[in-house]
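The letters A, B, C and D name the chains in turn, as written, and every chain counts its residues from 1.
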Amino acid sequence: MKLSDPSATVSTSSSLITRFNLIRKQTLAICKPLHPEDYVVQPIDFVSPPKWHLGHTTWFFENFILAPHLASYQLFDERLNWFFNSYYESQGPRILRTKRGNMTRPNLERILEYRRYVDQHMQAFLDSREAQLPEELKYMISVGLQHEQQHQELLLMDIKYILGNNPLFPAFAEKKMPESGNRPVNYLPVSEGIYEIGHQGTDFCWDNELGRHKVYLPDFEIQDRLVTNGEYLEFIQDGGYENHEFWLSEGWEWLKTLELKVPLYWYPRADKWYEYTMAGIGPIDLNKPVAHISYFEAEAYARWKGLRLPTEFEWEAAFQIHGKAPTLNAFLESGFAHPLASETAEDNQLLGHLWEWTASAYLPYPNFPRFKGALGEYNGKFMVNQMILRGGSAATPISHIRSTYRNFFHANMRWQFSGIRLVKDNH
Amino acid sequence: MKLSDPSATVSTSSSLITRFNLIRKQTLAICKPLHPEDYVVQPIDFVSPPKWHLGHTTWFFENFILAPHLASYQLFDERLNWFFNSYYESQGPRILRTKRGNMTRPNLERILEYRRYVDQHMQAFLDSREAQLPEELKYMISVGLQHEQQHQELLLMDIKYILGNNPLFPAFAEKKMPESGNRPVNYLPVSEGIYEIGHQGTDFCWDNELGRHKVYLPDFEIQDRLVTNGEYLEFIQDGGYENHEFWLSEGWEWLKTLELKVPLYWYPRADKWYEYTMAGIGPIDLNKPVAHISYFEAEAYARWKGLRLPTEFEWEAAFQIHGKAPTLNAFLESGFAHPLASETAEDNQLLGHLWEWTASAYLPYPNFPRFKGALGEYNGKFMVNQMILRGGSAATPISHIRSTYRNFFHANMRWQFSGIRLVKDNH
Amino acid sequence: MKLSDPSATVSTSSSLITRFNLIRKQTLAICKPLHPEDYVVQPIDFVSPPKWHLGHTTWFFENFILAPHLASYQLFDERLNWFFNSYYESQGPRILRTKRGNMTRPNLERILEYRRYVDQHMQAFLDSREAQLPEELKYMISVGLQHEQQHQELLLMDIKYILGNNPLFPAFAEKKMPESGNRPVNYLPVSEGIYEIGHQGTDFCWDNELGRHKVYLPDFEIQDRLVTNGEYLEFIQDGGYENHEFWLSEGWEWLKTLELKVPLYWYPRADKWYEYTMAGIGPIDLNKPVAHISYFEAEAYARWKGLRLPTEFEWEAAFQIHGKAPTLNAFLESGFAHPLASETAEDNQLLGHLWEWTASAYLPYPNFPRFKGALGEYNGKFMVNQMILRGGSAATPISHIRSTYRNFFHANMRWQFSGIRLVKDNH
Amino acid sequence: MKLSDPSATVSTSSSLITRFNLIRKQTLAICKPLHPEDYVVQPIDFVSPPKWHLGHTTWFFENFILAPHLASYQLFDERLNWFFNSYYESQGPRILRTKRGNMTRPNLERILEYRRYVDQHMQAFLDSREAQLPEELKYMISVGLQHEQQHQELLLMDIKYILGNNPLFPAFAEKKMPESGNRPVNYLPVSEGIYEIGHQGTDFCWDNELGRHKVYLPDFEIQDRLVTNGEYLEFIQDGGYENHEFWLSEGWEWLKTLELKVPLYWYPRADKWYEYTMAGIGPIDLNKPVAHISYFEAEAYARWKGLRLPTEFEWEAAFQIHGKAPTLNAFLESGFAHPLASETAEDNQLLGHLWEWTASAYLPYPNFPRFKGALGEYNGKFMVNQMILRGGSAATPISHIRSTYRNFFHANMRWQFSGIRLVKDNH
């Protein structure tokens, strides 16, 4: 994986056209190492074919910007417009999500044409009138770019799932990861009090971060780095996956039904523990953070350890006190598509490397404001049966993260780049 | 349904043996109107055969009290002991939950023998030594009685499901319900501030109510009665079940898959709306509270109405300010097994009639203390993918309710006696 | 099980009213040992609740005889008439087959009332006018009685399934079976030639036996008794269930999916092989015929043995040469509900004991005549994906069997009383 | 689709190396119009990705010929050898059939390398020693070529399914089909008597055609061409898909579950009936044979028409009397991948155009000889729950067909090129 140079880490203050070009190019850079065959499949219902991501992100601009706002615009192909709709039910009929992987046409080449066509029209559109665009439309384009960045992360998740479940275990990102040292964990204190939670200011954020509000928190201490493979291995070797006491009831059923005994992408062999990373299959690095963990596993690990997961409010409060600026090597731009070890106490990994499971269900903040119209559907629709993750990952574009960012997945999902950080009660 | 006289509403200060006798008798009184055939079936996986409830509650006392603590005790039948284990996985093998409905033996008669046998031994046990029992054991017996009361409610839920889905719609509770008047809804104010949430004092409570803690709440107003059938009918007639905008994404899928268009037990006919209640099938009473509503439906109704559900913290704070003592006609002891209408502003229905869906996911309170051993497994195991309900219902024994009681169900469940109360933000 | 005395083995020459009374009484005699609870359940989709059989056979007479032909007849209960329809789709709406086991009402008592009501009307109907009834109507009543006899066998199959899958293994037929001796198998020769296959004469038969026609058969030899438990055990102990070579591809998948290793109702324990028979659970009698075998198992056993199953034409030709009259101890009237061993060469077991799997698929005979109307639907509808069995079983009424009787089941079914007889090619 | 010139219709008398080269080239010619993306997917469990066919047919030669018989042979890639095993369970572990469509690697390019590698080694192997090869080995190579020809037909079936279920309906074979005339159907007589059925002589045949034997047949008459789209449309327009009377019970369930109303690849639109053929989507040609029909549909059509399907014995006897030599335009080599209309009485279509459903279940012939070893597994394994089809289709290589060829599919399958011919009883 050869990503665009770091300047691709577009600051939100760049012009729309600059950001548009950098972000759209980055999506293609991510896919570079794939063969045409890799773009097609949907090995499991929650994975989308890479081809589909390329089309769907393009459709966003055609459908919400060009078609309604560029007077002379002709749809590239009416049938493709129909194809690449996804969850926006108010935008009319869509193809069944689970059938996406059967669609060999439009083929990759045709979709790349579609991208070029829409990119050219977007460039022309922005070139001539960016300055005069109404705020609402500029905001809509921003949403399209944030949406594309989300799909960059999804692309990496899906590509990893496609290749990491292929018995040939093909490598994707050839870049060599640095050796990792071993560092004991410490605890960062957070004091009792009322904290303000949620997005502040005028920068972009998703609707679910709005509704900044007060939360009362007791004293607690939070780990200063992510839980490592080595630490998690102790849990496994202590019978973690065989003892129902550590597990939520639904987690135990999940485990038993799927006959799971290790995290996703771990492949125990006779002599050793192996892991599939984007660099291919190899022995597990015990000092790296444990990744591709479900909420069920994170919660069970915490119980076994006698500690607990932070709530999302605790996580955000901890960041307010101990947070640092994001660094490139913890994000998509590193080119590793994999978390690195924290080598110093300085590096507390709150941002990047892995999304951190919290003990909070995904629910609206008090006074959660619902957007009107098609976009308004998005986040509020999913506020049930999912858990919050915080902090971003090695598959997240660095310019896409915020400390108030609320990611969410079902408790059994683990193809996202997710990990664990624990909390200790102070009393 | 002829229930024991109101004195069955045992106060927690009665002696254990008094409470034991009253509660055990009440369970049988509930089942009185059933035919032997009604005790056997499990029409859907979440329903248990009434026969099973009778055996399982008995098993609790045999297994946790008599077998370990009564020196000379002989199991009534080893195979029955094995049969009636349920979720207590640490108590060894159990029969698959979904197979319960195929087990015609032990038959009812045999299970009633089992009850008599265990009751006699429990009476002998308590008779001679209640005074000297160690606190821990007394607590365990209390748990057994609370457990039996929970199963009294489950019995009514399951019986209603079995009879209410039978095309002959047999009546169960013949007692006639009073006529209902129509009363406009009002809003009760609750002021911004820090509230203490969770159980206080030394009376019995479940583990999930412990960990009393502070919560910061903004100003809000809460409805002074439950939402009625008439109000809910407006939602239906406004296309509520046909418009995805009102629904959570999973709710919409649920609706579409099951082709739902009305609450459970509503049976629209050519000319009129009918409802199955325990008194049989009949025209819907528009002034009674809408019952057997899933979280998905409650949430959709709230969106359609432009209001929202209270969090469980808001509900508990509202009760601290506006709560009243429970009254018999709102609970199991009424013999209606159905909610009544609120006729006066005095009667705000916070306790009884219907469990009220809250906007809170079922999660541990801060410092949630986990019990050790077999019983400890219970509540903590289920803290994922469920929503909190508050207040008790017409199927709850009056002595079983508390304002801090946390009930929980999956968002799609609606065979419990559940209803809706809404909240308005004050700003 | 205390069945009516042997005179219940009604000859087809008896008057209709005699046969009606004997057969209807026999159905109740079969059910005698059941508890009300046993009548309700449907542990698997292909099993029907005993209660349902009692109602459905009664419905036949109400629906096809009384309602259309007895002028003043009032339906016993319109809703029950609707309930007990089954496969006769032309008779209007019916309840879903897999939901039958959830219907606790009408309860047993009510269904017995229904039987009494219909029986009284049928008796009155036949009493006064049997002599004058048109042939067509007499034929219809005969069909109703044959139908009831089929359901007598189904009742025993279903009761055995309900009790034999209950971990308490309750006994049903207390009558003690005789000891069995061991007898080596011999082969009966059948010569090459053209044979006439299918029903002949004017006695009752099902439509699928009609279309008597010529079939050319080569020389072959057929075993002179059923395969025994002891012989089948050799197959198991030789790895029969672990070696895919012996199995049809679909049989192997079936086996692996259900994790089968023995016939239905065999329960291997640490030291010994046990079998559930209607007399309860006990050690397997090695000399008795192996029962409750699927076609997949019969076919695999034949392959392992280096022999093959007979076609249904070969079976019928063999009967034409070697057949004997049926004897009571091989049929329902024995009261064993279980096959006995063949003690002498005289007793070749072609009729009774167990239905014998043939290598023939269930297909129409040339010139198969289809009945018109509701009854016509029955047999022809099922002529795909089923295999033919011949000869009747210990659950078949003796007056119900014929050498031309074509029974049929799917290749994976084994709750019927089925067994194996093999053929050797003579060249 | 540009197929090799007609000389590709290799006669079985050609040398092995000639046949090998022609047949292997033909497989690639078939795939020529595909994009790499088209090779990957498995839209439904019974379809295999085209990529897989290319690899699996190659694996046959590597695994059964080169690896055991060419001394110095090195496997091209051990992991690919493992990948491309399919039903030959005795050849060790294989990938789950339903997971094939998730495997993007090995990609097409790699599989084409595999083919080249194996082809070169086979050529070298045959070049130097074809004359001296033992008969058994020559036979094995013949089997490999027949196997490859079977997969040529499967390739066309699967490609059509992949493209014909894509809403863009891409064309595959651009060759224009001739206009069709309308010709009334006539009946060809076959006289009562004993017919010899099964393969005769020393030419290649599959094991299931062996065991030539006598069958007695009554008089009958058989249609002199395939049933047309126009004739089938009458059935549809007469309510054929809405009336359960015409259908086998399992067929009716199948229909209702899948909500079918037309043959596969028929797409009714507002004004007209459309059909997807390999030439793309277009109005249905009423004079062409109706194709992609399941057994359920063929049987229902026959019932509606008051006629019946022939048994496979009748079909073969009819061919013995009325059969003609195969002609190129009825087979794969036509390049249409679609049946043509019969324009003259001369052209009775018994060979080619469409496989014809018979009323015979797929069962062994008397004395069916089982092959030993891995290949022996194939045909005998499937002799249950399938129906016989006869005559070959527009997707069958002309050199692959014989009048004794027994094809078989489950009664609900219709992605094969299947059609209908009816029989009238003569009495």
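In this section, contacts are C-beta pairs under 8 Å (C-beta built on N, C-alpha and C of every residue); 3 or more make two chains touch, one makes a residue touch a chain.
Quick caveat: nothing in here was measured; it's all calculated off a predicted structure.
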Which is it for copies chain C and chain D: same residues on both faces, with over half shared, or different residues? same
Need the most distant chain from chain D, centre defined as the mean of C-alpha atoms. B
Separation of the C-alpha centres, chain C versus chain D, in whole Å, is 39
Centroid from C-alpha atoms only, then distance chain B to chain D, rounded to Å. What do you get? 60
At what distance in angstrom does the C-alpha mean of chain C lie from that of chain B? 47
Among the residues of chain D, pick out those that touch two or more other chains and give their numbers. none
How are the chains arranged in terms of who touches whom: line, ring, star, complete or other? ring
Chain-chain contacts, ordered by label, are A-B, A-D, B-C, C-D
Taking the touch rule as given, give the residues of chain D at its contact with chain C in the complex, in rising order. 87, 89-90, 194, 213-216, 218, 244-245, 248-251, 295-296, 299, 359-361, 363-364, 366-367, 377, 381-385, 387, 411, 425, 427
Note: in the complex, chain A contacts chain D through residues 35-41, 43, 51, 79, 82-83, 95, 99, 101-109, 162-163, 165-168, 170
